[in-house]
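Both complexes shown next keep chain A, but they swap its partner, so chain B is in the first and chain C is in the second.
And now, the complex of A and B:
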């Protein structure tokens, strides 16, 4: 991959993000930023999944389960009251070191003491990582249909558990999640005054994920993953520890999903079981497919745009149907994603317009030699 | 005692529907190598079509009509979406069938809205019951069990006694050899889709009075059917039927033995994941995974 091109792309993306914010604020459409923020977090999940599905060729139909693990752990630990702790000496010192956090009671004048939101967030990542190891270790020995069903089953179990568990709010989910402080005066929260700041938090997070994944796919690891996708046996024969790589990628994409889920929860202030549903997992896969499978950039753009349009209600009552049609059309006609064929078209078009330049390439010379 | 019988029959009824779904999965999977995630949708379509037809015709005609219509739908789906795929990857096939299941569901939502519907009971009504060992069993349960048993029997005869059925099994065991023997494998694939669509539709009709039908009732059935098919070993129709009954019974008795009803659905998914991790070749098979299952 070309480092200069990547840098240019990232710079362009940053400028675009700033331009969108300025445009939205100047034209008085600040409310767009709310959906843009949520779309950015979803795009991060899609990018992480594209690493697993696109680069490594291992399907996961249960990624909403990992999003839910991150989201619910953050929400539960940061809201569960630890009233008895605030009185003790240990509790007081923990409060001073920001291990615990107190906030005013929602109804009444007392204060509630819970685990600090930052630690709750980290706990979500840790739990998602652990569960991913536990599920991934047996699941990744399976292939194709079997892996798809195992991950689907995992996602459905998570969904049923959060739906049926009273302390996770059952069908209502958990609401009034406190803000997650990031810098002094800046927090990940849905408060209207923090809307612009939160847009940049989400954009920054997504950019960081993008950079990290671009670097990863361009490294020795990335090449190993592509080799696994090509043929697992051939990869193993060249000395790639396929099982270890697959598990690492699975865990990594699960942690990314949990991180995005956690941040989204602090931003919205609530989490419900619908975010753990199987349809959500399928949507993530649909966006990976539409982005071109093994393309972090494609996953980012498609994940962001489709989620934003869906959140704005552009698809009306055909919301789910759009994702279904995307899946069928992309897989039937361009299984490598729509951007590959598009690029070929552009390259051909350019070659035709500038024959002098194209003649310099060896590709054009071959027919002449043969003739 | 009567309580156990009650749970037993409720498990058996649900289980036989899972068996129907598993049967559909296995037929298509063994003939085409496609795991049809839209299998549950066939049951939903069957139930919904029959409910609509039952407004104009007596129930038996409505059921037959629904089965015919859904069978044709199955054939059309195969011809439209799968026949033209040259060398599809597993990922491609999984994603296409998932896409199909979503689109079918959404079309059903727009055709029939989101109301819960049901066919009326084939004999008697909601309140009538037959006494079996002190437990009250709805006559519809016997309709379900009888229909499923008949379907399984006929299918078994078809696959083992008729020429077409044998040709279909030849496709399943070795497509290239089947082609060399003069079997039109493309047609067999279409037939497999039609058969499992038809069987699914019939299952959807007979269970409709008991569990009701809604535009999104297919997805849940599909997952339970997976669990059943996995339990019996993927691609093997008859053990899959047994798997279906086991999943249904496990679900019913998990509630009997004090599992919170809210987690009831998690039982089947737990079985699914456990079987995949421990015995992916299925409970009743001693051998290794089929060659196709390893790395297709």
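And now, the complex of A and C:
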């Protein structure tokens, strides 16, 4: 639809990302990059959720559960020791083919063998996808409040499970997660030397999610999703398999959440039950709403900025309250998201210029009305 | 084209369609008329699979389609233009048409064709559909249905909520489709207007078909009037 505009937006965003990094490094505030990296991963979760909530009209109050599934699977599989495997012939060949990975023991002089981080990460995506199918198949037959309740219940179950499971570290979670190698010499890890590289890994990942979602929403699939949002009955009458689409989008947004959760875990080197909490899920939905519901760009900007400010501690102990206030303010004044007023201004500006510009000439394009 | 036998359906425990049989032959325009709550919309919903039938049979083009989901009945050529238009208000006119051709890989060519048939829609292609007038929205809903290239078009109350002048316009469109040879099954409260363009008609009353016949006969039948105004209207009004 607006390929040129989208490309310009992406370019601007890339330049902005580079400028922020250079600015932070030059001014000696490299530590900002840590929070920026984490905020980028959160923004990816919010964008994936916006596809589900904003475009398809299905609410999920359990997305922190999917983040946790991705994070915990990555952390558990890449740290669980497979000591008995390292001695066998099979274990040795698996090590050679990077199915298994060894690393020095943290407190000791031996080495520990575990599943390779990359495979642990993929396993997290797979598990989140499977769970989403299992949850989504019955839950998406519910509507409105019932769907919200069902997903909220799912989120609470995940939280209780990770909190009460000994091999997942119970209340402590899992720490000393190994780095996730991405390129030779570059890994997704919290090591200070890799801080700038990781900022770009997160930015690249988020940009890829953005591009993917923008493409998706402007395709036959995207129109089908918006049609479901507009009227499920009419969408079905035009031949859209509404149930299948709702399930697919649910699974997709769950996998995106798990991917962001997994990468965040490798970056921080640890994961705890608080990331699976119900309040986190509510926050994700609040950020989607504040971003303008059906706006991938809005979700990105709001998700990124709010999470960054929250991580910097700008909101103090009022953290959750600020998210609530932001939601109320945006919903009351610009329900179409933070870009709403901006777009209205642009339309007004163009409308004012048009008569002078098109005097005598026929203007083919009718100005798009912002509802 | 379409044959429905002893169809029963409803909502929850409430039976709305109590054993209805009717048929639509290829090239025919059939009107299903009846008062509010007669079960007209439920009947069409059950035909395309939006409402699961309890009992009976729906045969589309010689194949049993009883209880098939709507995306399958579209594949066999039956398209429903739902009651109250149900256009996608937040999407542009163009996008609405693209969604209409969701199952039709040839949609782009057909969209052009629709723009030729409904020039107003071409003018407003970039406008969000919610900003169209009621009549334009109904045109869009019909065009959206036609893009799926139906062999049988089901129109549910095309004149609902439109000003009298626009009602006329919509029926003109239906007449045009009939002349093109599109098979149409139309549900209407506006019995006279519907029967004027239909070949045959069925009169539906509280979930049952009470009359069937050629349009001219139905137009002259006092029973049609009675079905509309309720039992014993003569005693009350005359």
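Here is the rule we use: the second predicted complex is superposed on the first by the 336 of 371 C-alpha atoms of A that agree within 3 Å, B and C clash if a C-alpha of one lies under 4 Å from a C-alpha of the other, contacts with A are read in each partner's own complex, and residues count from 1 in each chain.
To be clear about the criterion, contacts are C-beta pairs under 8 Å (C-beta built on N, C-alpha and C of every residue); 3 or more make two chains touch, one makes a residue touch a chain.
Because the structure is predicted, anything quoted here is derived from the model rather than measured.
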Once chain A of both complexes is superposed, is A:5 in touch with chain B (first), chain C (second), both, or neither?
neither
Go through the superposed model and pick first if A:239 touches only chain B, second if only chain C, both, or neither.
second
Per residue count on chain A, the busier partner among chain B and chain C is B
When the two structures are overlaid on chain A, which partner does A:352 contact: first (chain B), second (chain C), both, or neither?
neither
Which of chain B and chain C A:150 touches, first, second, both or neither:
first
For A:220 in the superposed arrangement: first (chain B), second (chain C), both or neither?
second
Of the partners chain B and chain C, which touch A:139 in the superposed model: first, second, both, neither?
first
Overlap the chain B and chain C contact sets on chain A and report the shared residues.
233
Interface with chain A, chain B side, in the complex: residues 29, 35, 81, 84-85, 89-92, 94-96, 98-103, 105-107, 109-110, 219, 223, 226-227, 230, 234, 260, 262-263, 265-266, 269-270, 272-273, 276-277, 280, 293-296
Once bound in the complex, which stretches of chain C touch chain A?
48, 50, 69-71, 74-75, 79-82, 86-92, 95, 98-100, 102-103, 123-124, 126-128, 130-131, 144-145, 148
Across the complex, what residues on chain A touch chain C?
220, 223-224, 226-227, 229-231, 233-241, 294, 365-366, 368-369, 371
Please name which positions on chain A make contact with chain B in the complex.
53, 57, 59, 61, 138-139, 142-146, 148-150, 152-154, 156-157, 160-161, 163-165, 170, 232-233, 278-279, 282, 285-286, 289, 317-318, 320-321, 323-328, 331-332, 335
